[in-house]
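Below: a set of structures, written as structure tokens.
What follows is a pair of complexes built around subunit A, which joins subunit B in one and subunit C in the other.
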Partner chain A sequence: MVNGFYPQNLDEALDLLSKHDVVPYAGGTDLMVQDKPNQTYLFVGKLPELRNISEDDEYVRIGAAVTFTEALASPLVPQFMKEAVSRIAAPAIRNAGTFGGNLGNGSAKADSVLVEYATGAKICVASVRGERVIPVERFYKGRKELDLAPDELILEVLLPKLGIDDYYYHKVGGRQALAISRVSFGGLLSVEDGVITRFTCAFGAVSGTVLRYPDLEAQLVGRTVEEARGASEKVIASYAERMQLTRGRVSAEYRKDVCLNLLGDFLASKGI
Partner chain B sequence: MHNISRSVTKKDHEPKMSGRSVYVGDVDMHGCLFGKLLRSKYARAKVLGVRLPELPEGYTYVDRTDVPGDNNVNIVMDDTPVFARETVEYVGEPIGMVCGPDEGVCQDIVDRIEVDYEELEPMLDLRKADEVFFNYEYGKGDLDAAFAGADKVYDEEFQTGYQEQAYLETQGMMAVPEEGGRMFVHGSMQCAYYVHGAVMRVLNCGPADVHIHQDVTGGGFGGKEAFPSILACQVAVAAHKCQKPVRVVFSRREDLEFTSKRHPSLCHYKAAVKDGKVTAMDIDVKFNGGAYTTLSAVVLQRGIICANGVYNVPNLHVHGRALKTNTTPTGAYRGFGAPQTYFAVEMLMDHIARDLGVDSIEFKRQNLVKKGDATSTSGLYHFDVPLPEMLAEVDQASDLLRKHKEYSKPQTGRFRRGIGFSWHFHGAGFTGSGERDMIKAVARLHKYKDGTVEVLASNGEIGQGLRTTFPKIVAHELNLPLEKVFYDHPDTSRVPDSGPTVASRSLMVVGELLRRAAIKLRNEWEDGKDQIVEERFKEPDFMIPFYLDKFQGDAYPDYAWGAQAIEVEVDTLTGQAKILGAYASFDVGTPIDYNIVMGQMEGGFLQGIGYASIEHMNYDDKGRIRNNTFSDYLIPTTVDVPNLNVQLHVREFPDGPYGAKGAGEVPLVGAPGAYVEAIEQALGGKVSLEHAPFTAEDTIKALAEEDA
Partner chain C sequence: MSDISFTLNGRPVSYGGSATDRLLDVLRDTFDCKSVKCGCKEGECGACSVLMDGKLINSCCVAMGATQGSDIVTLEGFRTTERYKVLDKVFAQFSAVQCGFCTPGMVMAAESVLAQNPHPTEDEVREGMSGNLCRCTGYNAIVNAVLAAAKEGNGLW
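After this line comes the complex of A and B, so read on.
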């Protein structure tokens, strides 16, 4: 026996969320496994307001209840996100799992969240009190800790459209399918007229949240590719010094070795 | 190929595929009780007291004081308690059971029970373990002279880890008190008569007072050889006390943490080499037996008998010990001690060859046993050893010999390749004289008046196809359509003891009894008459008697043979290995059903690859197994391997039905040697790899050593 509410639209959902102690449930791929007793759910997976993929000048907007399979089929979703999402679990789970759920679960291993970090995405949340748009790295306050009030619902992901075609991505799972990330890595590097205009690096599944170090990224921005090539060892060393990783299913040392190896390969693949 | 090998639809295909099969977890539980086990929190502790909360009406607590007979489960020895004695010896050891009509309430009561412990220092380190459960030693030739006269001596240590059977259906058992005081126990199991003997002892009653039925069983792989006896005793005691049916079905977490799995091993090898041949091996084998002996004696016997692999080593000394640690008792898993020592000896041979500067496959070939050679235990290879032909078959499929040389050259770049090869035998049937002295199998055929024939035997269908292959043999001899012959899951009240479902003996030994029984029935056949025929085991005449006290003689009548090659590509940035190809030739004698055998070959091969690569499980410094979910204990999926390229090489066994031998284990046992050799080659070959599973994390560490 499962207790829950089945709202017909967003307003109703937010109203219920403001009045009851409920857990939003979209695809249920995490919640079904947890199977907590005496939990009341707010079933939001069918809410039309959460089911769209659209775009504006700046962002691709992916609704919180859009499934991974739907995103893979959408011409609007960029390749970087598709590559990460295509490696999630297995088809049955991708058919049910959603972007909102991947965020709401609060895990640093969430494969779509890594791309949101690497691209500087924003998260739109809503409550009866109104809407807020939060950069993803602020949305995650710590391990399993989100900037999300009990009455707030994740509405959509705002994924930047520009400058994300030139990406690097690699997931290390324990096996080829149905594997939670043990290390995931995603980065962007844009060059205009021989000068690096953007450089991001996100490391997933190696700490309480996905990690990004904007000050270390700044070391390469504004430099020419040649200058960057000369500085790459120093840049990698600066990451090595800064990264304090935790152990999980694999050791902290292994995580760090792989992160730095992939960072080095990412730079080398861009001629740096 | 023999006519009988032609594949048919398995008799249990339709009910299993349609979901109609009834497993013990599917039984209607109205009026029945659920049982939940109270388990030890510590690896070793005195239990000072158990304080129960107030039990609601209808709920009962059961422990060792409720055992009507002996509080010991009969396995090989009798040291495993039904419920814990004064001390608990591993994390998860059952102390008692709460029974009642609601499973959730039972668990809630278990969670509220307070146990007073006095913690004792547990033994968790196999290297330091000093309580020896079993200690065997044997040898031949003149070891000292061989080492003294050697060109070179090699000394190396190898380790292997746990492996969990990961059957689809977790352990589950139900006991039902019947009218007249008889106890009926049914559930998921391999060996109905093992359970029968164990329950009799615990209930202190005669053979007719207990009967055991194997329910449809969702896989065993050895994991349901001995463990069901323990669980059966627990539910039988509970049902005896409550005088109501009691069922326990394990959660996956319980099953992963607290049921038997493959013995971790530590093997120390010394080898003498002269003129390019291995002249001597001095081998020390240690198996981690966990807290109780369960099957460690027989697992260790098999492991040490094949410790020199498929090589003719004239001077040999093997010392094997199964040691106690305060961990979950280990037990049977497909291969039964052999995968551990094959891994060690195959890696050793690779490393010696590399040191000698010769190709390891060529080196292995030069040391291979052949027909007429003595076995490790001074028995005889009575029949052809088909491994050279099987190597050629694997080479044909995989281009092994060329790739093996090519990949041994220095490689650069992110992705590097290796191909590994191993070969091995698996002794068919029980080790030693167990079949003759202990099992003494009996099988019957019951012909009914309408002309249908029922097979009466105690071997359990666990996916290996016995419900199909037994009737196939009988139908073949009686010239009957297959529909006229049937084999149900055994109930000890109606079938004779044809022995346990282990060691791939069922088809080879019991299948042959049934073939002979069918011939007898054919000769005595009278239409319209109810007839029963019986056959008993007789040891083949050619065998050199085996003496367990000396480890001398033919340990097995014949052998299944395997040759395997695995090709990998290693990502040097992440340590991940992609399997590019997995090739094998297996000789299991005549396949009694081609599709069933091929399913066994591919499934076992995949389990072997998992064991070698990603199936990592260990306990922490408190003795707790933390890999207790399928997200923490990973087994390979179909996308982790390409299509397995498997072929059958048929060298018949004259005393098996139509030439059939054992098929179950052979596809698994050799895979770790082939896989880890492939990784070693890809990494550059300077660093010797000495353990399995060899994970991505291990690869990154080894790469750092290669570069150092």
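After this line comes the complex of A and C, so read on.
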């Protein structure tokens, strides 16, 4: 085959990746749009090691070559992820597009990646040198810049499975289907005995990477819902001060307004 | 390095070109499947929809290397089936075709919707066909045709 390699298992794939200048190809929905016919692809979409969804005590582990359609059909994948993934493009793209590809493309607009940020997911990568597990926010170093060496392959997403039922998700796109996110927002707010135990907010499509501000999130943790209600304006103002957004397909001002509106709506939906 | 082998409309075929070539282009230019239309080349319009291993995909977003060992069905293959006859009839009956450019993709998407869900609701048809754009019909005629196919083709899907 010209311009392509067909590894039969993961070891063979990692060996090829260490010796040749190849681009891993799973679903192809981003790579084919980039339209670079002179690249050489390493076809990993059918590797059994990348095709599983499994769980352990802490994580749902989603293989890099699992498609969005497969995730939507899996009882193991949490609703938060399903809601985000169900809004990706349209069925034909979801039948091909994969979790590994969504990460590897390096975009802050990647809908599955937003949920990975909001839930504190980790990414497992492998090479002939061994495996590494990296928190998603460190995996993204900047716009289209990943902590992924040329000989490394994305293996799976480790999605925390506990404490992610109380989520909020909203995608703002130009239309219902086939819409790239203009702003996407995902957050978690858990309350136990009237006290907030977890608060996360992830903003997608508004900067070089998905954004999270752990120190601002800490403002609400440990407070009662009533205390949080009193502090919500201050919390939103702290985000307004901190968020430095860039212009993309839409203006930075529009992005910021929408982000803050969604944050306010998220808090209001939780009675804050 | 060997050729890429796959099944096209039930027939084993092979392709000796580059693994990075687009399935869309190869279907049209090498295998003369002209039903497969090029509308956008970025997975946004659905005019190039075909079935790959039974699943609806945009052939513009598939590299030939990924077709190795797979089963591809285009409208040229699907049109020999009983299911096609039902869709052909209802698309005509509901005037679901105007210029016709999106129609092959629409028919393949309709087949995909009904194969997964033989009795879909209107919302399920709209969701299932949401990746296929049509500039002429305003969609209602197409959606109504697919809903009618579900009734008329009872037992075929």
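Just so we're on the same page, the second predicted complex is superposed on the first by the 269 of 272 C-alpha atoms of A that agree within 3 Å, B and C clash if a C-alpha of one lies under 4 Å from a C-alpha of the other, contacts with A are read in each partner's own complex, and residues count from 1 in each chain.
Quick note on the criterion: a contact is a pair of C-beta atoms (placed from the backbone, for glycine too) under 8 Å apart; a residue touches a chain by one contact, two chains touch by 3 or more.
Note that the structure is a prediction, hence the values are computed from the model and not measured.
Judged by the touch definition given at the top, the superposed model places A:Ala96 against subunit C, while subunit B stays out of reach. Using the contact criterion defined above for the overlaid structures, shared-chain residue A:Thr69 touches subunit C, although it does not reach subunit B. Judged by the touch definition given at the top, the superposed model places A:Ala177 against both subunit B and subunit C. In the superposition on chain A, A:Phe43 makes contact with subunit C only, not with subunit B. Here subunit B and subunit C are compared by how many residues of subunit A each touches, and C touches more. Of the two partner chains, neither subunit B nor subunit C is touched by A:Asp57.
Touch criterion met: A:Gly28 reaches subunit C, while subunit B stays clear of it. Applying the stated touch rule to the two superposed structures, the overlap between the subunit B and subunit C interfaces on subunit A comprises residues 37, 90, 176-178. Taken together, the subunit A residues at the contact with subunit B in this complex read 37, 90, 170, 172, 174-180, 182-183, 249-251, 254, 257-258, 261-262, 265.
Residues of subunit A that touch subunit C in their complex: 1-4, 6, 25, 27-29, 31-33, 35-41, 43, 45, 69, 89-93, 95-96, 176-178.
Within the complex formed with subunit A, the subunit C residues making contact are 1-4, 17-22, 41-44, 46, 49, 55-58, 60-66, 68, 109, 112, 127-128, 130-133. Those residues of subunit B that touch subunit A in the complex are listed here as 104, 414, 572-576, 614, 631-632, 634, 636-637, 639-640, 696-697, 700-701, 704.
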